[in-house]
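Take a look at these structures.
Two complexes are shown next, each including chain A; its partner changes from chain B in the first to chain C in the second.
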Partner chain A sequence: MLQIKDLHVSIDGKEILKGIDLEVKAGEVHAIMGPNGSGKSTLAAALAGREMFAVTKGSVTYMNENLLELSPEDRARKGLFLGFQYPVEIPGVSIVNFMKTAINEHRKFKGLEPISASDFLKHMREKKELVGLTSSLTNRSVNEGFSGGEKKKNEIFQMAMLEPILAILDETDSGLDIDALKIVAQGVNQLRRKDNATIVITHYQRLLEYIVPDFVHVLYKGRIVKSSGKELALELEEKGYDWIKTEE
Partner chain B sequence: MDESALSLELKRDLISLFRQNTGALETNSGRILNLYRERAFHDFDKLGIPSTKNEAYRYTPLEKYFQGNYDVELNANPFKIDVGSVFKCDVPELDTDVVLVLNGFFHSGNKTGQLSGGVIVCGLNEASVRFPDIFHKHYSHYADSEADGLVALNTLFAQDGVFVYIPPNTVMEKPLQIINLSHSLKNLRITRRNLIVAEENAVANIVVCDHTLCNQRYLANSLTEIFAGENARISFDRLQNENNLSTQINHVFIHQLQNSLFNGTSISLHGGLIRNNFYARQDGPNCETNLNGLFLCDDKQHVANYVLVDHASPHGTSNQLFKGILDNDATGSFNGKILVRKDAQKIQAYQKNNNLLLSSAARMNTKPHLEIYADDVKCSHGATVGQLDNEALFYLRSRGIGEKEARFLLMYAFANEIVSRISVPILKERIIELVDKRLRGELSKCNNCDIRCG
Partner chain C sequence: MEESQDHILNEVTGGEYKYGFITDIETETIPKGLNEDVVRLISAKKKEPDFMLEFRLKAYRHWLTMKMPQWAHLTIPEIRYQDIIYYAAPRQQVGPKSLEEVDPELLRTFDRLGIPLEEQKMLSGVAVDAVMDSISVKTTFRETLAELGIVFCSMSEAIREYPELVKKYLGTVVPYTDNYFASLNSAVFSDGSFCYIPKGVRCPMELSTYFRINAANTGQFERTLLVAEDDSYVSYLEGCTAPMRDENQLHAAVVEIIALENAEVKYSTVQNWYPGDRNGKGGIYNFVTKRGICKGDNSKISWTQVETGSAITWKYPSCILRGNNTIGEFYSVAVTNNYQQADTGTKMIHIGKNSRSTIISKGISAGHGQNSFRSLVKVVKSADKVRNFTQCDSMLMGDKCGAHTFPYIEVENESAVIEHEATTSRIGEDQIFYCNQRGIDTENAVGLIINGYAREVLNKLPMEFAVEAQKLLAISLEGSVG
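For the complex of A and B:
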């Protein structure tokens, strides 16, 4: 589904990612861990198409297509979803309007008619329940004045609404209380299918107890320095990153 | 005054225009209208057309808009218009009483006279004759012709417009919609003068729509005086949508007595040059004044808003919120002032101007300021000029929303803060549609109008 080869990404001429290789197949869950500033969010944003992150070298193939040639909106319409580490507040745009517009843009891309008002409401109600989002929240402007945890829940809600093929969740667990964490994990698990995949970026082993990964990768200074099974997360939790740094 | 050679020339031309037509003007107008011309003449002779050296007009280069040949109509145009069809033009299905003002003259086809509850809506000139007592008590009492040459110019040439009177303890049943139309085969200079009097405890909703029916150059100098008696509540919303060759100068003088409320929202969509001057004076305690403005402009449009809220009495509140989106070579300015006089204690006055520039050539000059002589007041002012938020844009696009649509959503959200303040619900819905179209570039000044010209 996703093949990243020797990916180099710079911001303002400064190289952040220094050759990433990663392959994600349908049905898999990958976890990416790594110390602060190692480039995890940069990788996620580059995959989602943020222009300020310039790809200087390497390739990314998504569903047999050159991902890097696509606009951010086309990536999304083809099933890529990024759960932001820092969701953006958009005053004046209601969540309802935002999601309706997004869904209709996805439908237009597929050659479908806009969704009917009743279907939209039904869809919305279902997904709200799934992630435990209240109407008082969805009637508000996107993320405006939301608590940290509410913002993260809203990311999962959007994911549920858009039903992506490849979801990249950038620290969606941080800032969530235990109950919310379970709800979020449950949401992710319910959306798991044979033909989709998830990349979770996290600092905590805790999340991986609920969303069990097939692979755990350690990103360090712009490179994946270690990849292993789910037991790697436990080891990291115990020992921190120092042993990897010295191993390097 | 600071006068350039050009402004001197413009002044001379206008003065000779007045001299040539004094006879006709005075014969066509009621006595009270004529009463104020002499003083206006004196003031205009002193002040002339404000040049950019005049601080209040620093960013509005008016002179060039005054140049060129314009016709002047001294009599109402006999042009027949079906009010019903024009009415569909911009705010359909709005359950309002409608009056049409054609080239500055109250249209003869208007159904007028007394509405329910003794509300009077008629032509200004007619009112000066039929209701001399009320008229004399208010006309030219609030518009200060010493402050601005254009105010003096308006009073000098004033002939007609709309007169609205809401008696004490009367609630206007329906909103009143005033449609200002410009229609002629030649370039035209238009003077409009309105007077709105809401007596104590009166409630009035007034909507003004400005339109042009043809692609001529229009130069309109409009002035509205509004009196809010004790406890009166007035909403005064305005939609400016004229052709982009037109120049619209628009003065609104609001005079409020104690406990009165004034809500005004102006939406400027099309128009070559739009200059709005708002002067609100709180002349009794506990008044509330809310002035909002939204302008969406592109090409070579210029939209300028000037606001003065004069807190002359204690315990008043005022809010000014003006927002603009400027694209292409459009320019705009905001010049807002809160004046709190010496004995006006316990005032809360706020002022904000936010602008979005969509192109590198668009320019916005903003100058919010406070002048405070009382010590126990709460005031704040602020202004921003910025671009669309790139983070927000990316967030929307990352959900599959195309760039154009994403930009639209952000602009719409920006504009909606003003639109949501419009007090008449159906008008609000219609304005939402218009703003939507305008932001998508689908609204040309005429295409929503049933009357096709040329």
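For the complex of A and C:
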């Protein structure tokens, strides 16, 4: 589904990612861990196509296509979803309106008619329940005045609405209390299918107690320095990141 | 080479203004220039009673003593008043009795503008007065409204058929001495709409006037008068467009509203005059005086405007809150893109006790646009327990545009509570990326964000027009974000 080869990414001429190799297959969950400033969010943003993250070298193939040639919106329409670490506020635009616009853009891309109002409402009701989002929240403006937990729930709700093929969740656990964390994790688990995949980016092992990954990768100074099964996360929890640094 | 590039640019930018076509129709015009004979000629063409001619002549003589106002935050090129044609009318039978008598070319024009004049094709629940250049082409649903005693017709007809009403109210809210452009309008106004809602009547449909400038080198000076008797209600909407022309055209209108006891008037404007091209060439100069008086106790006047057009806009729809417990509202979205300039806002004059006003202004500046908000909240000594809330938001797109605010507050009564909030924001790259990541391209993202920003105001528009206005906002900002 996703093959990353020797990916180098710079911001303002400063190289952040220094050669990433990663392969994600359908049905898998990968966790990317690492200390602050190691380049985790840069990887997520570069895959989603944010302009200020310049790819200087390497290749990314997604569903047998060169991902790097696609615009951010086309990447999204082809099923790539990014759950933001810091979800953005859009004042005056209700979640309902935002999601309807997004879904219809996805449908237009596939040559489908806009979704009917009743189908949309039904779809929304289902997905709202999944993440325990209340109607009073979905009628509010996108992320405006939301608590940290509400913002993250809203990201998972949007993910559920758009049914992505590849979801990248950037620090979705940060700022969540344990109850919110469980709800978010539960949402992610229920959306797991054989034909989709998830990359969970996290600083802490905590989330991985609820979302069990197939692979854990440690990102440090712009490189993946260690890849292993889920037991790696526990090891990191126990020892911290220092042993990775000294091993270098 | 350069010329062909300009041509391409013109075509590209021209594509964004949907209403720039010219109707090829025989037009009766008078020679350009302005003097007393021209004022007399206009009055004669309209077959007006003597009091109207007197009104016009007094206004004209007063105008001669005045100077163009310079206080607005606008750069206005010199206007040569002697080069303007003050009367232009599509040649057709005066006051067509039925649609068959209206020139088919005119009907096609309004069809293209999305304003079908055949009643069976019209939006149900909206009556339209269609004005082209200096005359009203057709007013629909007149008979239906007449059954309720509502008068809805062109100003020219009102002067002929209801002279006592016109005489009683015309110039009472905006006197002919009010300001430079109001005086000019009072001297040479040609048409516009007249609306009278009798006591206790709730107007069952939206009334609207659609203004169209067509002829070249002419000015449009329309005059609208709206009288709501005790316990009545009316919602009124005006729309305007003009062809794309390289030379600027002057539009100086006056709107007067009188709301008597317990009456409520909603006045909405979707202003989409030709804004000029991407380089600031051409476009309408829109110098408009709009004012309403809440004369009776418990009356209410609400102004909503969506201003996307015109090269220059100078406009302050205002409320004189004379009755006790009266309410004045002003909701505005003003967009300036390319080289457009706007200086717009409102005046709320609190005279009655317990009078309340709300001002919500949303300015959007893009390109080289300059957008100014100007307001006056005045509370006189005898006005106890007045409340005002003002919110003035500015949004900037790009780094070459400007947003300016000039709020004036004059309070002579200590019991008044006046609030003023102001914000300035930008469309963030992060907002656009967030939308992109959900599959929404940048152009749609800007439309979505702008409409969200303006939602408070757009919500005030009558349903039928809110959707149009949303599209208009997105279109007028097309290409303003890289």
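We adopt the following convention: the second predicted complex is superposed on the first by the 248 of 248 C-alpha atoms of A that agree within 3 Å, B and C clash if a C-alpha of one lies under 4 Å from a C-alpha of the other, contacts with A are read in each partner's own complex, and residues count from 1 in each chain.
Just so it is clear, a residue touches a chain if its C-beta (ideal position, glycine included) is under 8 Å from a C-beta of that chain, and two chains touch if they have at least 3 such contacts.
Quantities reported herein were computed from a predicted structural model and do not represent experimental measurements.
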item: Side-by-side fit of chain B and chain C on chain A, or clash; value: clash
item: First (chain B), second (chain C), both or neither touched by A:T101; value: both
item: Touching partner for A:A76 - first (chain B), second (chain C), both, neither; value: both
item: First, second, both or neither for A:L137, with chain B first and chain C second; value: neither
item: Which superposed partner A:V93 touches (first chain B, second chain C, both, neither); value: both
item: On chain A, the residue positions that both chain B and chain C contact, one per complex; value: 48-51, 71-73, 75-77, 81-82, 84, 87-93, 97-98, 101-102, 105-106, 109, 141, 158, 162
item: Contact footprint of chain A on chain B as seen in their complex; value: 389, 391-392, 394-403, 405-406, 409-410, 412-414, 416-417
item: Complex interface listing, chain A residues touching chain B; value: 48-51, 71-73, 75-77, 81-82, 84, 87-93, 97-98, 101-102, 105-106, 109, 141-142, 158, 162
item: Residues of chain C touching chain A in the complex; value: 428-431, 433-442, 444, 448-449, 451-456
item: Residues of chain A that touch chain C when the two form their complex; value: 48-52, 71-73, 75-77, 81-82, 84, 87-93, 97-98, 101-102, 105-106, 109, 141, 158, 162
